[in-house]
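Quick heads-up: structures coming right below.
First subunit A sits with subunit B, and in the next complex the same chain sits with subunit C.
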Partner chain A sequence: MSHLLAKPGGGGGQNAGAKDQQSIVSGGSSSASREAGLRYPTNGKTIYHRPLNRSKTAELSQASFAYLFSEMVSYAQKRVTGIQDLEKKLNLQGHPIGLKLLDLLLIREPPRSQTRPLNIISLLHFIKINVWQHLFGRQANGLEKSSSAETPDEYMIIDNEPLVNAYISVPREMSQLNCAAYVAGIIEGVCDGAAFPARVTAHTVGGKEEGEMWPGKTVFLVKFQPEVLEREALIGNKG
Partner chain B sequence: MSYYFAIIGTQDNPLFEYEFGTSKQGGDGQSRFSEQSRHLNQFILHSSLDIVEEVQWTNGALYLKVIDRFFNNYISVFLTPSNTKFLLLHQPPSSASIAPSSSTVTSSSSASVSSSVTAIPSLGGVGGVGGTRSSSTSIAANPTSPQTEEAIKNFFGEVYENYVKAVMSPFYRVNMEIKSPVFKNRVAAAGRKYL
Partner chain C sequence: MTVFALIIINKAGGLVYNRTFYEGGLQKISTNDLLVLAGTFHGVHAITSRLSPVKPAQAQAQATPPTQQPPGLLTRPEPPSGLEVLETENFRLQCFNTMTGTKFLLFTDTTQANVDVVMRRVYEMYSDYVMKNPFYQLEMPIRCDMFDRKLSSYIREINNR
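Up next, the complex of A and B:
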């Protein structure tokens, strides 16, 4: 330690020491002049000082996400009695994320294509492409409209292999459960935020038979509120 | 020019408000609203929310430009994708205060014409006239000119970036009031920079 300190040479070392002291003193006085009651991080950088754009390499490890997610599921599970309630809890955990993603992903778009989704199709495309790309590093596998004439308000986003379910095995007695309800909550948040109120639920549709290509195939059923369709019809007539 | 800026949440609830004046052309950054119009401003902004809701489904852009006018008050709107509204009320200086400035322009131009026969100093005088002439098309005089639109767009863009940062805070929930003094300083800085 002493060897290292001595290395830069007498004068230089002292100078550096003096500088350090100065900066400490000035730092102290500036923090004292700030308003009381509000605490700043020690480096003085708040959330407003951080850039919104993400570098290509800044990805999270899947293992740590899986660990965290398993904790979230068991946390929710301890506080509910039924599968429906559990899915609702997971849905609620995802909802605020969707609301925030909407703003974040649009500001990351190049200025020319920064437009608010005005109809259902452009909103669902935004979810299928931008939201999925951001969350899972790929697009969703499909987007379908309900073919039944009785439910024109239902749309389906299809994911063959949801990332959140990668390390989750559902016990036989809870076969109704799909933990992708969390992702459904995120989708619901995006829809609600963009003023397209909807209910989103996750359903496992992968077949049980041998040789199934995608046993974990999940459909996110997006059911829009009636007023959304009403507005959609009005806008369509105008355009 | 005086400005009153407000962020309105999805339930028509105010999240943030800030009042300032122009910093261009020697402005001191102070607003010149009368005490009475301060109260009125909030009503004017609130009433323009109806028009925002009409316009927002016909135009997918974030920046909707000037959408409403109440006497000498112009209201520009920027809509975030999550349906939060940024409203900026801008009030050009009333005609009484414009009149003397236009008279100075004419007097200075006549002075430069008379002195233009001489030599180099007159060039400076001509340049000065050009400057005042361009300022008549700039932000202060004409609230619907392209320059003004561009300046307000830049202002909104910067506020939007900081708003998204505020939203990114894990402790922030939608429709919460933004109280951060850092945010306020950033908005003030954007106002000084562009308006």
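Up next, the complex of A and C:
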């Protein structure tokens, strides 16, 4: 099984983290094993005492995420009738994460680059690089603008194998579904939070044939609202 | 050295997965016969595991002094393993029974080495691509593209070695 390493804390916080864990373990086996309720580490340092910015190396187990996400999909599936509703539900679950992630990632930037993205290109770059790096440990595979002249408001973020879909095989009768709608929700949250309201949807574009390099290749289609483009044009004229 | 086929049997003795990797290794049999084979094997396995002379839990607990037992660890004996290998002139059947009673049957060449390594890898793939798939219903036939794909590429690698 491919596990990512779980580290208690990053950099200098690592020693303290290891100590915390030890004290929890020893407390558990001797006295506190029968006591109910919350237990605190003996040195009083909880997870809230660790520095917010020292989390560059913090990683989680991919297996536990896979199980959690699998349950999220099943939960959503029990409450909907159609595929579009299911994607909508997943999108809604991701949206608040995107809203909060925008603030979190900006505050972690060095002070001089702590400004919100002010135009579409810098926003999409921020998503492709910073958001992806934070969530999946790598950058997205591509960023494209719609080539069609009729849809100047559409941009595409491309991921060859989305982490959320790593273990998911969609049944044939639901072939339009892509569970990365959850990630689309996160992107939508980031866009909305940065005052670039948009609709984001996830589409599978990888082929089904044998020997296909990226069978799970996914395109996140970002469609900005008309007022965003209007504003972009105004700013562009001035600058 | 060839891996011929894989069969997965659920804990109730139903056939949930069957796949042939190498044509000509085994005679083709109908799906009905396969279902019968799965059910029969399940029954035989149950009987052989009852034959297995493992001491019951209490006897084992008395045999080891309580001071040597790690604290908090329940004294649960190893489950009796039952039928593991079945060999004929032309093929070998290796059975792996998981903790939850799912059985993996791997049909290989009689000269195939390290079947346990192959089995472990197959079990890993099952736990990744089947158990973590939200669209898979427990105890039902396995229809997961990703599992099929990963399995074929792994077995192809072994068969071409």
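Everything below uses one rule, namely that the second predicted complex is superposed on the first by the 185 of 239 C-alpha atoms of A that agree within 3 Å, B and C clash if a C-alpha of one lies under 4 Å from a C-alpha of the other, contacts with A are read in each partner's own complex, and residues count from 1 in each chain.
Convention: contacts are C-beta pairs under 8 Å (C-beta built on N, C-alpha and C of every residue); 3 or more make two chains touch, one makes a residue touch a chain.
For clarity, every value in this text was computed on a predicted model and none was experimentally measured.
Colleague: Tell me which partner A:100 touches in the superposition: subunit B (first), subunit C (second), both or neither.
Modeller: In the superposition, A:100 contacts subunit B only.
Colleague: Kindly classify A:117 by the partners it touches after superposition: subunit B alone (first), subunit C alone (second), both, or neither?
Modeller: A:117 sits against subunit B, while subunit C stays out of touch.
Colleague: Should A:170 be classified as contacting the first partner (subunit B), the second (subunit C), both, or neither?
Modeller: After superposing on A, A:170 lies in contact with subunit C but is clear of subunit B.
Colleague: According to the stated criteria, A:45 is in contact with first (subunit B), second (subunit C), both, or neither; which is it?
Modeller: Neither partner.
Colleague: Of the partners subunit B and subunit C, which touch A:235 in the superposed model: first, second, both, neither?
Modeller: First partner only.
Colleague: After the superposition on A, what does A:138 contact: first (subunit B), second (subunit C), both or neither?
Modeller: Neither partner.
Colleague: Quick check for you: in the superposed arrangement, does A:74 touch first (subunit B), second (subunit C), both or neither?
Modeller: In the superposition, A:74 touches subunit C alone.
Colleague: Considering each complex separately, which residues of subunit A are in contact with subunit B in the first and with subunit C in the second?
Modeller: After superposing on chain A, no subunit A residue contacts both subunit B and subunit C.
Colleague: Okay, in this complex, where on subunit A does subunit C touch?
Modeller: Residue positions touching the partner: 1-2, 29, 33, 63, 66-67, 69-71, 73-74, 77, 167-172, 174, 179, 208, 215.
Colleague: In their shared complex, at which residues does subunit A touch subunit B?
Modeller: Going by the criterion above, the answer is residues 35, 38, 46-48, 50, 52, 96, 99-100, 102-104, 106-107, 114-118, 193-195, 231, 235, 238.
Colleague: Quick check: in the complex, which residue numbers of subunit C touch subunit A?
Modeller: Subunit C residues touching subunit A: 71-72, 124, 127-129, 132-135, 143-147, 149.
Colleague: Spell out the residues on subunit B that touch subunit A in their complex, using ranges where they run on.
Modeller: Within the complex, subunit B contacts subunit A at residues 10, 56-58, 60-62, 79-83, 160-169, 173-174, 180-183, 186.
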